[in-house]
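To start, the structure under review is shown below, and the notes come after it.
By letter and in written order, the chains are A, B and C; residue numbering begins at 1 in each of them.
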Amino acid sequence: MLLRQELKAAIEAVLFTRAEPIDIEELSRALGVSVQDTREILQELISEYNRSEHGIQVVESDAGYTMCTKPEYFRYVNNTNRSVTRRLSQAALETLAIVAYQQPVTRPEIEAIRGVRVEGVLNMLVDRGLVAEAGRKDVPGRPLLYVTTAEFLRIFGITSLDDLPRKDEEA
Amino acid sequence: MLLRQELKAAIEAVLFTRAEPIDIEELSRALGVSVQDTREILQELISEYNRSEHGIQVVESDAGYTMCTKPEYFRYVNNTNRSVTRRLSQAALETLAIVAYQQPVTRPEIEAIRGVRVEGVLNMLVDRGLVAEAGRKDVPGRPLLYVTTAEFLRIFGITSLDDLPRKDEEA
Amino acid sequence: MDYQVRLEAFEGPLDLLLHLIEKNKVDIYDIPIAVITDQYLAFIADSVEADLENLADFLLMAATLVSIKSRMLLPRRKVVDEDEEAEEDPREQLVQRLALYRQYKELASHLAAREEGEEPRVYYREIPADEQEEVVPVEVKLEVSISELVKAFQALWQEKTDEFSYPLPQGDVDVGEKIAELLQRLPVLPDAMVFQDLFWDVHSRREALALFLALLELVRQRRVRAVQEEQFGCIVVGLQPEDDSPA
């Protein structure tokens, strides 16, 4: 059995290592403590990292808990970022924007907005793990539904879809 | 120009994102401060993260500075980071649904319902241990029969096939 | 045209239209449809060699534009009854599509800026190369629920039952066939047929495209002539009389 302080350190270590959000149930199972205790410690970590001397933070989203940098330090991180990103094409970005705001969304719905076929670009986005299938829509033809993934959040530095600018309600 | 506290937060953010050690010269250039100041702040970060409430640490090596987990928490990290969350594709889900409700069932029978070939997806389900072969059907061609496994019950959180909701006969 | 832009430079017909609207410095909510249509048609006529996969969508829009243009030229019906809704501006639907597409185009450029780190954003930890290997599914945790499974199954049965109620599009429609069909259907000038009437019994986008391509080809070969009779404002098409070819 871990001391509470060790437990907190262990959670911090797990959050650090995980590159994507972790579920609170999974975390509590891995540590062998209750979900309740895990949640309390996570809250402590969140408020500690929220203090201004820290450049990183712990955030909670629908997908779980994750550690990431604070947005205000983006320039310094970007200056030192060596990861060679394969830039996404305009077609891919437009398709992603539609999926992000309209999800879950079908291919015909995306095509209606973009005015072109998107099968190829959509398959590429699924292959790269930026978009995933999520069931079928209950309309004739039963088209697949698509949603964005944790990898989407990673690539665009988003903690939740609320980080994206609001789309005007009236087109 | 950054305040000293912001500088520290910025360094923390950079160290966090970098997978490989970063050189002190590169760090000071990216932040626009002297190597001397950068080194002082790095030392502060090292000693702060050394405190026992932290599960991560900042270490200095010949290659530069890097952030990593403390060895005593490897165990917890390993408990979680080996599992990768993947959603089942719609094709897999549909095939699995047919096996679950119609078992034991042959591949041609599944294909008759789905209207597409299922060889690839069926093999994948067998590889993942969700579906298993269970003898052959006594009809011409003697096709293999498939059933769901204990792993299938575990994944879906059910204790027996009787827990499956009844298929609506009039669907 | 005084500028050289290739069709491939545009993401699709809506993108090309937005470009033309911007270039002409006109309001998206009051598009001078005749001018824009002419420029649009001139543009795709220059790009007819481009790959057909893309061209299909551009041509479909061309047909839409031509149709709107001719409807704009029709005298507007006067609204007598107050209760009756005012007649819709023929451009209405297109304007809505353009406005919506423009929004997503802006959102896409916002995403690009985030991807490039040009705007405030968070960064997640890079995954070290050795960990990446390790993370390759040792144990794959499947994220799925029982209700999804049941839904999938019920829907499959549903589909099986409904199998014959939704006719599926039957393969590709042949442009050559459509050319033959047009040569048979079109009256010989001076008799002619209203452009839109050609599309009345067309049921799929592919078929509409094939028909439009066939028409373009016949116009190019000068076997068909498209005439806009100002009196009525409609575009009419008819066969060029065979013995009447210009000397």
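Assume a residue touches a chain if its C-beta (ideal position, glycine included) is under 8 Å from a C-beta of that chain, and two chains touch if they have at least 3 such contacts.
Computed from a predicted structure; not experimentally measured.
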| item | value |
| --- | --- |
| Farthest-lying chain, centroid of Cα atoms versus that of chain A | C |
| Chain nearest the overall Cα centroid | A |
| Pair joined by more contacting C-beta pairs (B-C or A-C) | A-C |
| Distance from the mean Cα position of chain B to that of chain A, given in whole angstrom | 13 |
| Averaged-CA centre spacing for the pair chain C and chain B, given as whole angstrom | 41 |
| Distance from chain C to chain A - Cα centre to Cα centre, in angstrom | 33 |
| Residue list for chain A, restricted to those that touch at least two other chains | 16-17, 20, 26, 67, 69-70, 77, 81, 135-136 |
| Multi-chain contact residues (two or more partners), chain C | 123-127, 131, 135, 141, 148, 152 |
| Touching residues on chain B, where the partner in the complex is chain C | 13, 16-20, 81-88, 90, 93-94, 96-98, 100-101, 113-114, 128, 130, 155-158, 164-165, 167-168, 171 |
| For the chain A and chain B complex, residues of the former touching the latter | 5-6, 8-14, 16-18, 20, 22, 26-27, 29-31, 52-56, 67, 69-70, 73, 76-77, 79-82, 132-136, 144 |
| In the complex with chain A, residue positions of chain C that touch it | 11-15, 53-54, 57, 61, 96-97, 99-101, 103-105, 107-112, 114-127, 131, 135, 141, 148, 151-152, 155, 159, 162, 166 |
| Contacting residues of chain C [partner chain B, same complex] | 123-129, 131, 134-150, 152-154, 156-158, 160 |
